[in-house]
Structure formats: C-alpha cells, structure tokens
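There are two complexes below, and they share chain A, which is joined by chain B in the first and by chain C in the second.
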Partner chain A sequence: MKKKFAYYDTGHEFPEEIVMAAGFTPYKILGDVHVSTDPADRYVQNYICPFSRSCLTEGMAHSQEWAGIAFCHGCDTTNNQYDIWKYHVKTDFLYWINTPAKNDKISRKFHSHELRRFKEHLEKKYDVEITDDKLKEAIKKSNKIKSLMRQLAALRSVKDITNEEYFLAARKCVQMDKDELINDLEKTFQEWKGRPAFPKNMVPVLVTGSDITYPEAMQIFESAGLRVVRDDLSLGERYFAQTIPEGGDPIEALTIYNSRIPQPPTKIPFHVRLDYLRQCLKETKVAGIVLQRLMFCEPNGLDFPFLSRELKKDGYKLIVIEREYTPTIDQQFVSRLESFRELITQ
Partner chain B sequence: MLTVGIDIGSITTKIAMMDDSRLLHTDVALSGYDMDKAWRDIYARMLQSTSKKDSDVKYIVSTGYGRNIVDAAQKKITEITCHAAGAKYFYPKVKAVIDIGGQDSKFIKIDDSGSVADFVMNDKCAAGTGRFLEVMARALHVEIKDFAAMSNKATKAAVISNMCTVFAESEVISLIAKGESRENIIAGIHESIASRMMSMMNRSGVVKPIVMTGGVSKNMGMRQALEKKIGATIDVPEQAQICGAIGAAILGANSK
Partner chain C sequence: MIKMARFIAKNPQVFKEGIKGYLNQPLTPRMLQVLMQYINQSKIYKLMPWKFRKFGVFTAGFPAEIPASMGFSPGFPEAYAALTATAGCAVPPIECADSLGYGRDICTYMKTSIGASYLGWPEDFGGVREADAYFSANFVCDTHLKWVENEARIHGKPYFALDYPSVVAGEDESRIEEYIDYLEEQLWDMIKFLEDITGRKFDEDKFLEIVNNSYEICQLFRQLNDYRRRFPANRYFEWVRIFMLPMVTQWNQKDAIRFYKSELKKAQKRYGDKMEIEPGREKYRVLWEGITLWYNVDLYQKVLADKGARIVFEPYTISFAGRGKPQKTMKGTLRQVARDTLIIPYTLNLDRRIEYFNKMIVDYDLDGIIMHENHSCRPSSTGLLDLRDSLQKRWGIPVLMMNTDHCDPRAYADGPMNTRIDGFVELMEEYTKKKKH
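Moving on to the complex of A and B:
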C-alpha cells in the first residue's frame, strides 16, 4: 500500500498529481469534528476557525503516519498557520506551495514556477524521479476520477441520493488510494443509476460557502428537507468541475487547470465566483440557494454580502446562515433551514 | 371550524384558538424544563376555559423551537411563517415583522399575498434577544417589566459597545461602578439592541409598515429605540406575544 502524503488546503489548490507521480497517495487533512481541539487550542486562539484547529489537532496526532505534509494557500487562516505547524507538528517534510490570488499571465507563470519547485523538492527529499510520463499517468487517473464524480454528482438532481452519500463519495476522492477509488466510484455509479427518482418531499438547493467536512453537517440539510443537487465547495464540485489538459508539458497543464477551477472566496476578482454560480444555476434547476458559513470563516463572510445581493437581484431565493463546528444536529440551524424551505415552497 | 396554534418558545408556551377568522382564546405559560407538560397543561386549560372538547378541535399546528414535541399537531410550521401570518391577521397591510423573542431576533418581509418573501435572523448569539435583556436586568437588579418606564426617564443613553452578552454585562457593571444612572444604562441597552436589529434589517432592506411581535415587543422603551433607529412608527398588536400561535391557528385553518 502506498504511503500517504498529507496536504492542508482549505481550497482546491493542491497538485495531487505531483504527489501521485512521486509514488504517494495524496491525503487531504480534514480534521475530525468528533475529536476535541484542545491540543491545537494551546497554540491557536479559539476564536480562530474551528476547522483549522481541528486540522492542526489531526496533524499533531497523526503526522508520523504521513510521508510529509504540504500547505497550499487555500484561505487566509490556514495560510497564516504554516509557522505554527512548523513548530508543533513533527514531520520530516513540511512544505509551502504558494498559489496566486489573481489569475493573469504573471500569476500563472509564478504558479508554474511554484509547482516545479515543489516537484524538485519532492525528488530531492524522497530520492525519486518525477518524470513527465509519471505525471501524465497521474493526470489521466485524476481525470478519470473527475469524470466519474461528475457523473455521480449529476445523478443528485434526478435520483434519490442523500446529501451524506454524495459527501462521502467526495471525501473519498481526497483521502483514498486512487486505484481503489476508481473501482469504488465505478461501483457506486452503477448502484446510484438504479436508485428511485428524486423524492417528491425533498427540495433541491445549491449550497456554497465554507467547506463541509463531516457528514453530520450534510444530514442537517436532509433533516430540513433540502437536497443539495449542486454545490460550490472544495470538497465537492470544485474538485471535479474541470478536466486537466492531457497534452503538452504536464506542469503547465496543472497550472492551466488551476486557473480554470471554480474560484474559492480568497481569489479575486469577486465576479468570477458569481459567474460560476450563475452558470450552475442555469444548468440545474434549484428552488433556492444556501450560503452557509462556518463560524469565524472570514473569506466567506466577506464574499457573502456581494454574492447574496447579486443573486437576489437575479430573482433567486437564498438564505445566509452561520453554522458551528459540531457533529450535533443543531436544532436552531435546522429550524432556520426549515423556515427557508417553507419560504421557497410556499 | 376550530383550529389551534401552539407556539413553544424557549421561555414561554403560547396557545391560540380560532373559529375561522375569529380569535376565541389565547394563553401564555412558562415552557420550563418539561415542554411536553407545558403544552398539554395549557391545552387542557384552554378546553376548560372555552368549554370545548378535544374532538371539537379540527386542526392543530405547532410552531416555535419546541414544535416537534407536540404529537397532537397535524402540521409543524416554523415560527417565521407563523409570525408573518399572525402579524398579517392584525395588520393586513403589514410588509415586515420584527420579532424579538427569548433566544433569537428576526426580521421577516411579507409579500403582497401575505407569504414570507425574505427573512434574516440574528447570529447564533444571545445579543439582541430577550435573553440579553434578562441578563442586563439581573445585573441592574431591575425587573424587565420596569425597563420601559425607567428608560423613559433617561437623560442620556449610556453607550453599550459590546455586542457579546457576557462582555456587555461586564460593561454594564463597569457603568454602574462609574455611577451611571440605571435609567441611562437601560436606555443604552435598548439602543444597543436596536442598532443590532437595524444592521440585520439592512441586510434584507427595510420596508414599511412594520409590525413588532414577540415577548420583547411588550417593552415600550425597546420599541421606541427601534422606531428612532428606523425613522418610522412600529405597530404592536395587543396580542404581540401570541402572534406566532395565532398565525399557526390561521395556517391550520388554511391547511384544512
């Protein structure tokens, strides 16, 4: 079994394919909502994003099981925690990949340089050669996964696929051995195709905002009678919305790919994310939009006023809602979602 | 047709009985620890005081945070929809509802058909809710019912800058220590809640006429602070605290 190489990225910026070509299984650190963040709270104030503190707790407890750890600039909170990890997480290899906030020619050139630098560091550290052929093979594998996930995700609006089932499939993509994953997703696709039609008592919605990293958060939507048939999440459609170009220089291909993935809240300009949401809404009919934000998630907090104003102008019904980092089904949160359900179905 | 609305809130349980559009009975009781007992008791009391039988009641709708406890309810509807329906019953031209309850505050917009068009709620925090007032009343050794009269005697509202209930309580204690009058502090507390409510309302866009419901609407000082902030008068129905239960009973009649 391939050793895991962990990455900490609250967006979808990490070049999994370089790690795959180096012979590792990429493993996205997602924390564990069931485990107390007391160990991390010694180093990070508890008014900082609870998810990031959960990830640090996981890093402190499990870093020795991983070949190494790499950071990507997913959001500003995780960006600023690199030094904390350097001091408090035991690992032989901790690396920082900078990803540009802008998307222009110079930014892409910079990003390409960053990816090559990461590749060279991996080669040196682990004494491996990451050839173009190995990278191309990894890209093909990634594209196969993305294609399968797109097919699975498309079934959400026509078949009876629970929010939790979709979430678990998306989570596997970033933590499981890729060959096992392809087999698993193929089987899942066959099974989901035979499912009954979309249930009449459920209401289809699009969800965006902070990443949802544990199934209980998805169950809350289900409890309120809402089915997530489209999403704009890193642990979701952002992971598979785009295909990596398969021709030419593979590092350039990864750079181009990165410039095309749906934009998370830390990127500029704002309207790119809005345009993407509009495109999703055009493709899939939903009854409403949920802009959910994990408590203390500043990037999404800053994006929401603009997004909600523009989407409301377009005539969409939406709710802006804050949730806590807890596996407990929060009745107050459910109540607000139920009120929203009543509003969009009345 | 007799319909009943039961609104189980975090502090009080409210009940309303309607015969089509005629309000027959309302009552309020503390929710307490045993919410199931609270609604059964208030329901039994309603039957006794109206001389009706359980079988006379054709439809029950429950609402509020404890709505799922009411096993006799044919329908469970959230308090947002119910408060909108209740406010519309008293003021047919209403366009928005401010509802400040024990643990949350809401701003609900109503469209021409009487349906909820949009709503915003407070963050998961006691600031700007009835609980905030309770904590401050305790710190000031004043009964909440006296808040309105006392704030009217204020010469200048004290500035309460903390939004967090816990920190705001410390701030109030500091103001007491500095010799600030309780009247001025209470007026400051009302302004603090009104500011918070206003910023929430601005997220959705203020429309008028506005009706205020929920337990806090009984506090005239709070209502005046809100009116000053909004720059318009706010209507408060006599049965403001029971608006949710009345709305539930109305929606029950529509569901039948």
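Moving on to the complex of A and C:
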C-alpha cells in the first residue's frame, strides 16, 4: 500500500497529481470533529477557526503516519498556522505552496512556478523522478475520478441519495488510495443508479459557504428535510466540476485546471464565485439556497453579503446561517432550516 | 461641509461624543491641524490643483507611491475608521455593518468604514466618499482584497489588487527573491493599469521623487521613534498612534516632511544626541504587540500610566515606516518597493517575529509585553502564543495576553482587565528586581 502524503488546503488548490506521480496517496487533512482540539488550543486561540484547530490536532497526533505534509496558501488563518505546524508537528518534510489569490496571466505564471518548485522538492526529498509521463498518468486517473463523481453528483437530484452518502463519497476522493477509489466509485455508481426516485418529502437545495468536513453537518440538512443537490464546496463540486487538460505540459495543465475550478472564497474577484452558483442554479432546479458559514470563517463572512444580495435580486429564496464545529445535531440549527423549508415550499 | 452639517443635525449626540473623544487624546494643536488637513484634503480633492484631481482608496501599507505619481491623492479607510474609534463613535457604524450581513467576526476597521459610509457619515467619522479608483493588497490580510473590491464594485470604479505571497517560517533569501519577481511583475501591471485608466504615460521622475519623499518621511519617523529608546522615552503609544498618521497615509508628503523635521529638531534640542538610558518617569517599559485600542486612550494614559507602566515600543506603528531609498533604475526601485511591503514587522512569520522581539527587548530595555489577542485581526493573533512562550523561556519577561478588539469597545471590560493589569504590574515589579541583579 502506498504511503500517504498529507496536505492542508482550505480550498482545492493542492496538486494531488504531483504527489500521485511521486508514488504517494494524497491525503487531505480534515481534522476530526469527534476529537477535542485541546492539544491545538494550546497554540491557537479559541476565537480562531475550530476546523483549523482540529486539523492541527490531527497533525500533532498523526504526522508520523504521513510521508510529508504540504500547505497551500488559503485563508489568513491557515496561512499563519503553517509556522505553528512547523514548531509543533513532527515531520521530515513540511512544504509551503503559495497559490495566488488572483487569476490572471501573471498569477498563473507564478502558480506554475510554485508547482514546478514543489515537484522539484519532492524529487529531491524522496529521491524519485516525477516524469511528464507519470504526471499525465496521474492526471488521467484524476479525471476518471472527477468524471465518476460528476455522474454520482448528478444523481442527487433524481434519485434517493442522502446528503451523508454524497458527502462520504466526496470525502473518499481526498483521502483514499486512487485505484481503490475508482473501483469504489464505480460500484457506488451502479448501486445509486438503482435507487428509488428523489423522495417527495425532501426539498432540493443548493449549499454554499464553509467547507463541510464531517457527515453530521450534512445530517442536519437531512433532518430538516433538505437535500443538497448542488454545491460549490471543496469536498464537493469544486473538486470535480472541471477536467484537467490531458495534452501538453502537465504542470501547465494543472495551472490551467486550477484557474478554472469553482472559486473558493479566498480568491478574487467576487463575481466568479457568483457566476458558478448562477450556472448551477440554471442547470438544476432547487427550491432554495443555504449559505452556511462555520463560526469565525472570515472569507465566507466577506462573501456572503454580496452573494446573498445578488442571489436575492435574481429572485432566489435563501437563508444565511452560522454553524458551530460540533458533531451534535444542533436542534436550533435544524429548526431554522425547517422554517426555511416551510418558507420555500409554500 | 454640507455632509458634516447633515451628520451633526442627524446625530448631535454622536457628534458631541466624538468631539469629547478627540479632545481626550494627547494631541497638540499642530497635530490636530495635521489631521484636519488630511481629512479635509480628501473632502475637497476635486477642487485642488490638477495633480490632486483624482482620489484613490487604498488599504494600509499599499505602495500608494505608484498611483500617487499618476495624480491619485491617497485615502485610507482604515485611518478614517481608526479616528472614528478614537472619537468613541465606532459602535453605530459597526452595528450598521452587522445589519448589512457582515458577521460579528469580521474586521472592525472594515465594518466601521462600511457602516459609516452606508450611513453617509463624513470622513471625520469614518465615512469614505466615492473614489476614482480603488487599490488593495493582501500582505496584511485577505480582508483588504475583498473589502476594497466590494467598494469598487458598488461605485462601478476601476480596481487593482496586489497579491502578496506569504513569507512563512524557514524561507530563505532566494525564496524571497522569487516572491519579489512575482510582485515586480504585478507592479508593472499596475503601472499599465494606471496608464489605461488615466490616459497618461507613467511619469518615472515623479514616481522616484515620491518614493524619495516616502523614504524621507519614514527615516524621520524612525529617527523620532529611536528617541523612545531613552529612559525616559520621549513619546508613548497614546501619542505615537496618532503621530504616525501622516507617515501611514502619505497625506501630503512635503507637509509631512516639514512636520516630522520640526518634531525631530525639537527632540534633538531637548535630548541632544544622547541615547543612553537614564532614570526617569516610567517605572516599567512595555511593548505593545498588535493594533492599539483606538477607543481606549485611558488604558495607556491613565490605567497603565498610573501604575508606572508606559508603552515605549509597538511594531504596529513602525510597520509602515519601512520604505527604502529609490534605486538607480525603475526596475530596481519597484523591487525595493516590493521588498519593503513584503516583509513588515506587523506580519512577520514566527521565526522572524521571535528574532525581532528578542532584539526589541534589549534595544528598548523592556520590562513587559502586552500582546493584543485581537478578535478583529486573526492574522496578527495567530502565533502569539508561541511568541509568548519563546520570549518567556528566554527572558522570563512578563507577558499579558489582552483578549479584545481594536475598534469595538464592547469587547473590552474594565473590571476584569484592570485585575489582570494589576497582576501584570506585580510580575514586572519582580522581573525588574531580577534584572537589576
């Protein structure tokens, strides 16, 4: 079994394919909502993103199981925590990739440079050669996964697929061995195809906002009778909406791919994210939109006033809601979503 | 004037409180004049000679020298927000921003500015009028990018963003050069953007002159700041935090140079060239890490001062005084500008931050450090606990962690904080005794 190479990425910026071509299984650090963040709270204040503290806790406990760790430039919180990881997480290889906030010719050139530099450091550290052929093979594999996920995700609005099931499939994509994953997703696809039709008692919604990283958060929507049929989350459509170009220089292909994925809230300009949401809403009929934000998540806090205003102007019904980082099915949260459900089904 | 009259008519109580708040500051008449000149300049920029015809909105620390050389008079919403909080009037705009959908965790500089602008308040009370173009950079925080982009979008005006890579712990000079390459390309791109929106060719001579002025302002400010190494220090934080404004805002470079030169002359006359430490009025010399509590000048000039503790150094104010000399070539100067803004004391990575503080403890003969765990500024808060641990391990120096907010007075509770300050002062008492031995 291939050794895992862990990465910490608040969006979907990490070039998994480079790590795959180096012979590792990319593993996205997602923390564990069931484990207390006390070890991380020793170094990070409690008014800072609880998800990031959970990831640090996981890093402190499990880093020895990973060949190395790479960070991608994400939000202010995670950027500054690189240093804290450097001080407190034991690893032979901790690497920083500066992914740009802008998306123009100059920033893409810089991003391409950053990816090449990362590749060179991996080659040097692990004494491996990451050839273009290996990279192209990894890209093909990734595209196969993305294609399968697109097919699975499309079933959400026509079949009885629970929010949790979709979430678990999306989570596997960033943590499981890729060959096993392809088999698993193919089996899942066959199984989901045979599912009953979309249940009449559920209401289809689009979910955007902070990344959902544990199944209980998805169960809350289920409890309120809401089915997430579209999203722009990193453990979701952001991961598979786009295909990586398979021709030409593979690093350039990864750079182009990254510039086309649904934009995370850490990037500018605003309208790109809005455009993607509008596209989703055009493609799939939903009854409402849920803009959910994990407590202390600044990037989404900055996007929401703009997004909600524009989507309301378009005539959509939406709710803006803040959630805590807890596996408890928060009944207050459920009640608010139930009220929203009432509102959008009237 | 009309805007101000309307504001007073609608908010007589806020105006009254604001005047009271300003009068509570340790301002000299000259300082007040300097402040009013800056604020008024942004109000009447359209009536000023051709070179100031345009008004640009910038985020703190942005290399405003480049747009300034194309005729953009710089306005810094953070400066207006800081003054509003100083006047004790930030809560209504913050609440207004909350009602617009900005969560409680969002930077209160931003919320003060957005709320005050929305309420139609004048610049003296945080509002920002429509600019001809908007500029932001993310070397302090990502909030800057989104905040100003949104303002540009609201007003339908051109916007340019500079994307700064993060210099994380452990990165060497060659890595920094790579980042400077990226920034240099963006600066050339900004010049092209400015040429496009103004229809004028970039004036290199003007640019180099402005960079040189910037350098001179920063040099003067640093020289003045160095006098605070004396014992007694010549200036404390409650004064410097306002005193830094002409340097930060680049409001009118020639007047700023004149102002700082006259202040330096006064300091030289009073203290001579002597920098040695002498016994004086401050019992405990304290460093403040983070943004000041704009609304709470009494914390510095009464609560701490009454116990003999005075803030003699703060990385925040000096962070904007790092502009270097113009180089022989345009390229060299742009790279210099990129470097000067890429690494500043306020945003140092943990390795550099620890090293910097170790030096300041010696240079300023510090007895204690107050670290502001700022709810509004997570970039600055992150890493503080490791910084504290490292400094305490090496020096045993007392550190007070102050958990509050820089603009929102509701995050500060006098009673519990005073108790903690008492404990901190006791620790400094012990520490100074040990230091003597």
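List of remarks:
Basically, the second predicted complex is superposed on the first by the 346 of 346 C-alpha atoms of A that agree within 3 Å, B and C clash if a C-alpha of one lies under 4 Å from a C-alpha of the other, contacts with A are read in each partner's own complex, and residues count from 1 in each chain.
In this section, a contact is a pair of C-beta atoms (placed from the backbone, for glycine too) under 8 Å apart; a residue touches a chain by one contact, two chains touch by 3 or more.
In this text the structure is predicted, and so the values were computed from the model without any measurement.
Once the two complexes are laid over each other on the shared chain, residue contacts for A:F198 go to neither chain B nor chain C.
Contact with chain C, but none with chain B, is seen for A:F306 once the two complexes are overlaid on the shared chain. In the superposition on chain A, A:N80 makes contact with chain C only, while chain B stays out of contact range.
By the touch criterion stated above, A:F93 is placed in contact with neither chain B nor chain C. Judged by the touch definition given at the top, the superposed model places A:V44 against chain C, while chain B stays out of reach.
In the superposed model, A:Y126 lies in contact with neither chain B nor chain C. Between chain B and chain C, more residues of chain A are touched by C.
When the shared chain is aligned, chain B and chain C each come close enough to touch A:E322. Where the contact sets of chain A with chain B and with chain C meet, they give residues 295, 305, 320, 322. Of all residues in chain A, only 295, 305, 312, 317, 320, 322, 324, 331-333, 335-336, 338-339, 342-343, 346 touch chain B in the complex they form.
For chain C in complex with chain A, the residues that touch the partner chain are 100-103, 105-107, 138, 141-143, 145-147, 149-150, 153, 161, 163, 165-166, 168-171, 178-179, 182, 185-186, 189, 349-351, 373, 375, 378-379, 381-386, 403. On chain B, the positions that touch chain A within their shared complex are 65, 77-81, 103-104, 115-121, 123-124, 203. Residue ranges of chain A in contact with chain C, taken from their complex: 42-45, 47-48, 71, 73, 75-77, 79-84, 86-87, 96, 98, 100-102, 104, 106-107, 109-110, 113, 117, 266, 268-270, 293, 295-299, 301-306, 308-309, 320, 322.
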